[in-house]
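The chains carry the letters A, B, C, D, E and F, assigned in the order they are written, with residues numbered from 1 in each.
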Amino acid sequence: MKLAVFLSDWRRTEDTLERMTADKLGIILVGNGIYHAVVKEKGKESPVLAKAGAAFYVLSDDLETRGYTSADISSKVKMVSYGDIVDLIMNDYEKTAWL
Amino acid sequence: MKLAVFLSDWRRTEDTLERMTADKLGIILVGNGIYHAVVKEKGKESPVLAKAGAAFYVLSDDLETRGYTSADISSKVKMVSYGDIVDLIMNDYEKTAWL
Amino acid sequence: MAELTMGVFPSLVGSMTLDFSFRLAEAAIAKGHKVNVWLSGNAVMMAKKGQRAFKDYSYNEKRMMELIAKGMEITVCEACAEARGYHKEDAPEGMKRASMDWFLAKTHKSDRLLHIGGE
Amino acid sequence: MAELTMGVFPSLVGSMTLDFSFRLAEAAIAKGHKVNVWLSGNAVMMAKKGQRAFKDYSYNEKRMMELIAKGMEITVCEACAEARGYHKEDAPEGMKRASMDWFLAKTHKSDRLLHIGGE
Amino acid sequence: MGAVKLMFVVQRPPYKSESPRLALTHAISSQTAEIYMDDGDSVVPTVVFVGDGVLNAVKNQQAMKLYGVTSTESHIKNCLLIDTPIWVCKDDMERLGLKQDQMVADADEMGAELRTQFVTFAEIQKEMEAAKHLLFF
Amino acid sequence: MGAVKLMFVVQRPPYKSESPRLALTHAISSQTAEIYMDDGDSVVPTVVFVGDGVLNAVKNQQAMKLYGVTSTESHIKNCLLIDTPIWVCKDDMERLGLKQDQMVADADEMGAELRTQFVTFAEIQKEMEAAKHLLFF
């Protein structure tokens, strides 16, 4: 399946993401999920960014709301707008999961 | 200080409890906090019950709401009622913290 | 043009998830998609008109009304609303009230579903 | 007899924290304590009268009214209520509306404070 | 389009959140959704408990007696009664030390024919692939 | 009873929850609480950011521009302006890789005299002991 996963929390209370697989997987960081793109806890990148085979996106509005900019994000992650998210879920992926 | 701490979550998103100290510390498990009294994840008791020097309480109503009884709780934990919680916070402790 | 149905459950103020949802709906409509929104759980807080716009709280009533005018279909869970004391006369114009089966039926023909749970 | 002030922030339906809070208040009053309750954040959802009692949703209006009759003082954050579209005429009888300083002042003389945050 | 498969995935424990309850009540409402659909169309939900969500399926919940609200146990039984599949991830039950005899396994007393299925995450993954839409709670 | 110390402890990040905002607005309201109290009485709040709560104090938040809501940054500055102490746990800043120049350190442009204090958890613990009441958000 082609799956777009939304993460909106920094401290996650589920481990579904780690266990799921998809032929094509996009992880869209929104809300407090944006911290996975910018915070290096104890010097290490968020384990979310280690999900094998996934493409990573971060919503610019939510990033900048919290005081960060494109200069701060991991090179694995692409900045996107609301319009880009619409295109991702309508064109690039078939199913969504807000975890 | 004499501190009564309330825990109402199973997957906690703070680590304040681990870092705080109190001369007298009571940990009152309510809501989904009751799982700390009964669930042994991977065979191990909840790390909450390892907090040094603390007394542990679990609200019977919230325990039984979730399908557990006094027979299921760790021997470290004492079952209490709403009335008992009132006595604890009014008589035995001076400050409270709902984490 | 395709059809997107969103099920939104978190509350008006707090998580900013309704702010997100209406902005996403706006972007989808701007791209020519049909958008349906189902509000359940604490998201039924949108079913009380006359919310005041303060700078310290999420305020979505105005944007929601504009999107309804642009063809967004929005329906609120009737039982979830009544349990919170929101009656028919409280609902903003253009918002429907229905039972949960409305949402289930909408998913049937929708090309995409974005279901946003949580409080 | 001592005085307990509770600050309660989570929503009416969802976490069951308001159910907890009113039951604790009831137990404290039964033991002769004076109880003050401050509702802020999504807990202002109690400031809408006419909530329907369904078995699938937390319902606290009846217990709250009984506790008010027994002397519980309960005040709701005015701005938090207005932002959600709850006006003065929506509030149940006996519930006061005030700004946040009411709560801060209450803590001054209270023997105990139980502040329950969260959504 | 005929029947469309929906998958309701409950990932979190009961009562502290309204989500598990809403997953079950929404799934149950699929029964009456046909009034909004064309002849021959239907939605077919499966409700899956994974992660800490398996705690929703612990039996003997006293929510009605103690708090006056329907228990998630009772909703699970209602699902079984109307033939909505209930799946509980046994990998997570094992992780949390839950035995099958602690769980809501059937609604025999209500006359339900369907029983709870205890499945692996691999089976859940497969079902996710088969569903048209996913709803995570 | 004179002055009573209150400690507001913010443990979680901003925006996904209303809590950090409410901690700040409630602390600010201590300024006007005297109308409800006897002469000479007052409440004296300190607002402390610990754990992931330190993320509230990252500067350059664009919440007003992008979502039309006051940023927590702006509320922190308002606290400083009315001489309400703002403490940020530096142990947690270090853990999350936050440098002091990324943080809201003052409200000089508003004419505030007070500045953010970057403190250890040990100092916070001491202040918790000194406060009459604790409010965790």
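In the analysis below, contacts are C-beta pairs under 8 Å (C-beta built on N, C-alpha and C of every residue); 3 or more make two chains touch, one makes a residue touch a chain.
Since we're looking at a predicted model, the values are computed, not measured.
Graph distance from subunit B to subunit E, where chains that touch are one step apart, equals 1. Both subunit A and subunit C are touched by E, F.
Note on connectivity: the fewest steps through touching chains from subunit A to subunit E is 1.
Two chain pairs are in question, C-F and B-D; the one with more C-beta pairs in contact is B-D. The most distant chain from subunit B is C, comparing centres defined as mean Cα coordinates.
As for how the two copies subunit C and subunit D face one another, over half of their interface residue numbers coincide. Centre to centre, using the average C-alpha position, subunit C and subunit D are separated by 28 Å.
Per-chain Cα centroids separate subunit E from subunit F by 43 Å. Inter-chain centre distance (subunit D to subunit F, centres taken as mean C-alpha positions): 25 Å.
Of all residues in subunit A, those touching 2 or more other chains are 8, 11, 13, 31, 61-62, 95-96, 98, listed in ascending order. Residue positions 13-16, 41-42, 56-57, 59, 113, 115, 117-119 of subunit C each touch two or more of the other chains.
Those residues of subunit E in touch with two or more other chains are numbered 15-18, 25, 52, 67, 132-134, 136.
Remark: the chains found to touch one another pair up as A-B, A-C, A-E, A-F, B-D, B-E, B-F, C-D, C-E, C-F, D-E, D-F. By the touch criterion stated above, subunit B contacts subunit A in their complex at residues 11, 13. Chain contact summary for the complex, subunit F toward subunit B: residues 9, 11-12, 50-52, 121, 125, 128-129, 131-134, 136. Partner subunit C is touched in their complex by these residues of subunit A: 6, 8, 30-31, 61-62, 81-83, 85-87, 89-90, 94-96, 98. Contacts from subunit E toward subunit C in the complex involve residues 1, 4, 6, 17-19, 22-23, 25-26, 28-37, 41-43, 45, 132-137. Every residue of subunit C that touches subunit E in the complex is listed here, in rising order: 7, 9, 40-42, 99-110, 113, 115, 117-119.
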